[in-house]
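I am attaching a structure below and will ask some questions about it afterwards.
First chain written, first letter: the chains are A, B, C and D, and each begins at residue 1.
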Amino acid sequence: MFHRFANPTRFLKLADVIQPWIAGATLVLLGAGLYFGLFASPPDYQQGETVRLMYIHVPSAWMAMFCYSALAGSCAVALIWKHPLADLAARATAPIGAAFTFLALVTGSLWGKPMWGTWWVWDARLTSMLVLLFLYLGYIALNNAFDDPQRGSKSSAILALVGFVNVPIIKFSVDWWNTLHQPASVVKMGGPSIHADILLPLLLMAAAFTTYYLWVLLIRIRTEVALGKIRARQMQKAQTGYKG
Amino acid sequence: MTGFMLILRRDLHLAMRQGMDSLMVVMFFVIAVVLFPFGVGPESNILARIAPGVIWVAALLAAMLSLERLFQTDYEDGSLELLALQPIALEITVMAKVVAHWLTTGLPLIVAAPLLAVLMNLPDEGFVILIVALVLGTPTLSLIGAIGAALILGSRRGGILLSLLVLPLYIPVLIFGVSAVDAVISGFEAKAQLLILGGIFFAALPLCPWVGAAALRQALD
Amino acid sequence: MVKFTGTDLVCYRGERTVFQGLTFGLGGGEAVMLRGANGSGKSSLLRLMAGLGRPLSGVIGWQGQSIADDPEAHNARLHYIGHHDPVKPVLTVAENLGFWAALRSPKEDTNAVMAALERLGIGHLAGVPGRFLSAGQKRRVNLARVLASSADLWLLDEPQTALDKAAEHSFFDAIAEHRSNGGMVVMSSHADKNLADAMEIDLGKFQQEARSGGAATGTKQEVQA
Amino acid sequence: METISQYLNMGGHGGFIWPAYIIVFVVMVALMIVSRRSLKNAQEELETLTRGADGRSPDRETTREAEQ
């Protein structure tokens, strides 16, 4: 029924051990990040209080790109070494990455309103983030477009790699397009030089988001493993008319 | 005659016999562009301003429309399986299909583009550069589209899915295609844009058939 | 002398192990009949033999060299009849077969195509476009494709479906003739019709034992031709 | 110490900072809840399937199921 390659008991045991630690780390880091970000750090001399938006916008954007690289990485492993766990990891990563990209866009537009007076600014970075969201949605749609999940994972893995190769080209062309049509936006998203007080909450939040990603990733992978076993058992029933 | 020519000839033969495909693509292209004056208003200076962008976006959508059929009919009647079992590399088969797709969609779009440029009141100096940019850009659209067409084989709702997969990858071609025409219209040189368009094309030329063949192989697995 | 071999094949498709531990060996002039219930992996095995997919483990080899190393060469020496009959409705029968024959042999000789059509009794259909053909006629056109150009290995997935007695008879003659001049045949079929002194592989023996408390280990059974 | 309302005001930008933090918090918690619930449902369904098939209910989902 379950071929020895596709039965990740070893992974499940490992996941059980490290998940509580990751959960704890996430809560601690998040608490510290919020404390330093919202209460203990002074407003930025230039952007004033809105710098606090940066503490969630920039980590979300970092995570959006980090998750896409993780997605492309696990897809490469799945295609080259055909390890079924990599397929599950990719399938589990995509929704998390899409969520972070969405958050980056939302916080970006909430940042844009006070800064430039409009909800959406065709700033090069925000536009690239929007395109990245489409790449995520494309992956998720293709992943679930087939009846056979194996088929879905394989073709979406190829799409993820094609997308990954195209990200720099898209970034380059969007930057070119942006400079062509609009002078560089007044306030650089990341700020000219990152002052020490700002750096601390920024890094704390980034670390918190990363551990949060690992936490949800483990949960989603275990879900995929369980779903795989359910399909295998149903197949088993169908194939041999199992007398339970 | 080489395998490549055989497959190309057969696909063109099929397209000719079914005739309507190229015509429908051009009809969609024309209608899509003609809609804009109704939406944006007939002032010629506004139309002229957005003409390159509108023509390019419409061409891109028209080229994408016929992509779904690229492998679908052969996949359904078993020809694709058989083509994969011929002593010809699958990559060559994919390349032949891409060339056939370009000849039946890309070329008619390029032929129809000047007419639409007139409709959209494109300044005179923009005509030649529009053709040149389209000639450099549309093959890339077919190449990248072939990957999308191979990926959605056997999926539910292939057509819509194909556009979601392929359009983000079309953005660079769209940006440089339109900016080439804009540059010439506003009196600048468009050499940089054309060079980049050519660069993207020559990168896509070997990579897309290779990835497309890999996608076909796992679709037939 | 054994040419076409498969050692310890495991086929994993659609998230289930279709069969495992399957080994076979085939020499010139020999034939193999694949038996087994639906879903036991007959078609999957034929597709693996054709190179349409890769076994999860195990190697399919031609004279000792794995077929995955040079797929084009392997394609050049096999004919595959699957569940579908690829006949384009817009092209005539002669054009359909001409295309496939030309792909395999550089010199275009239309008389080989005509001879194949005549042999299966559908010579009169040469000029008829594909859309007018019945299922049986399409199957004959597909079988004629196999006769129109030479190949060492014939992989036939239930070739008799939709065939009437006469066509079946003439196709079996063609198989016998193919085997007599050194060709090999692997055929899956439900009908009791059997090829003369053909070896048999019962896919049922290579299934994974249904899990009933005991450890599920597939029994490996060698069928040495 | 500035008053609470002054703090919440965030120099006039409170209207943008707080919604942003709230949205981020809501989305991340929602993703966590959805993931945990789908895991629970999958494990329950697996258990009913295995209990139905074996007549004995396996202990926690990470038993060394001796498939292989």
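Everything below uses one rule, namely that a contact is a pair of C-beta atoms (placed from the backbone, for glycine too) under 8 Å apart; a residue touches a chain by one contact, two chains touch by 3 or more.
Predicted model, so just to flag it, every value in this text is computed and none were measured.
K.L.:
Looking only at C-beta pairs that count as contacts, which pair of chains has more of them, A-C or A-D?
P.N.:
A-D
K.L.:
Could you tell me which chain lies farthest from chain D when each chain's centre is the average position of its Cα atoms?
P.N.:
That would be chain C.
K.L.:
Roughly how far is chain A from chain C, centre to centre by C-alpha average, rounded to an integer in Å?
P.N.:
Chain centroid spacing, chain A to chain C, equals 46 Å.
K.L.:
Using Cα averages as centroids, what's the distance between chain A and chain D in whole Å?
P.N.:
16
K.L.:
If you average the CA atoms of chain B and of chain C, how many Å lie between those two points?
P.N.:
That gives a centre separation of 38 Å.
K.L.:
In whole angstrom, how far does the Cα centroid of chain B sit from the Cα centroid of chain D?
P.N.:
Those two chain centres are 44 Å apart.
K.L.:
Would you mind listing the residues of chain D that make contact with two or more other chains?
P.N.:
Where chain D meets two or more other chains at a single residue, that happens at 54, 67-68.
K.L.:
Note the residues in chain A that touch 2 or more other chains, in rising order.
P.N.:
1, 3, 236, 242
K.L.:
Where in chain B do residues touch two or more other chains at once?
P.N.:
In chain B, 221 touch at least two other chains.
K.L.:
Help me check something: in the complex, which residues belonging to chain A touch chain B?
P.N.:
Within the complex, chain A touches chain B at residues 131, 134-135, 137-138, 141-142, 145-147, 151, 154-156, 158-159, 162-163, 165-166, 169-170, 172-174, 176-177, 180.
K.L.:
Over in the complex, which chain B residues touch chain A? Could you list them?
P.N.:
The touching residues are 147, 151-152, 154-158, 161, 164-165, 167-169, 171-172, 175-176, 179, 196, 200, 207, 211, 214-215, 218-219, 221.
K.L.:
Write out the stretch or stretches of chain A touching chain C in their complex.
P.N.:
Of all residues in chain A, those touching chain C are 1, 3, 5-6, 148-150, 228, 231-232, 235-236, 239-240, 242.
K.L.:
In the complex formed with chain B, which residues of chain C make contact?
P.N.:
Residue positions touching the partner: 13, 50-54, 72-73, 75-76, 78, 80, 82-88, 90-91, 95, 99-100, 102-104, 108.
K.L.:
Where on chain D is chain A touching in the complex?
P.N.:
Residue positions touching the partner: 10-14, 16-17, 19-21, 23-24, 27-28, 31-32, 35-36, 38-39, 42-43, 45-46, 49-50, 52-55, 61-62, 64-65, 67-68.
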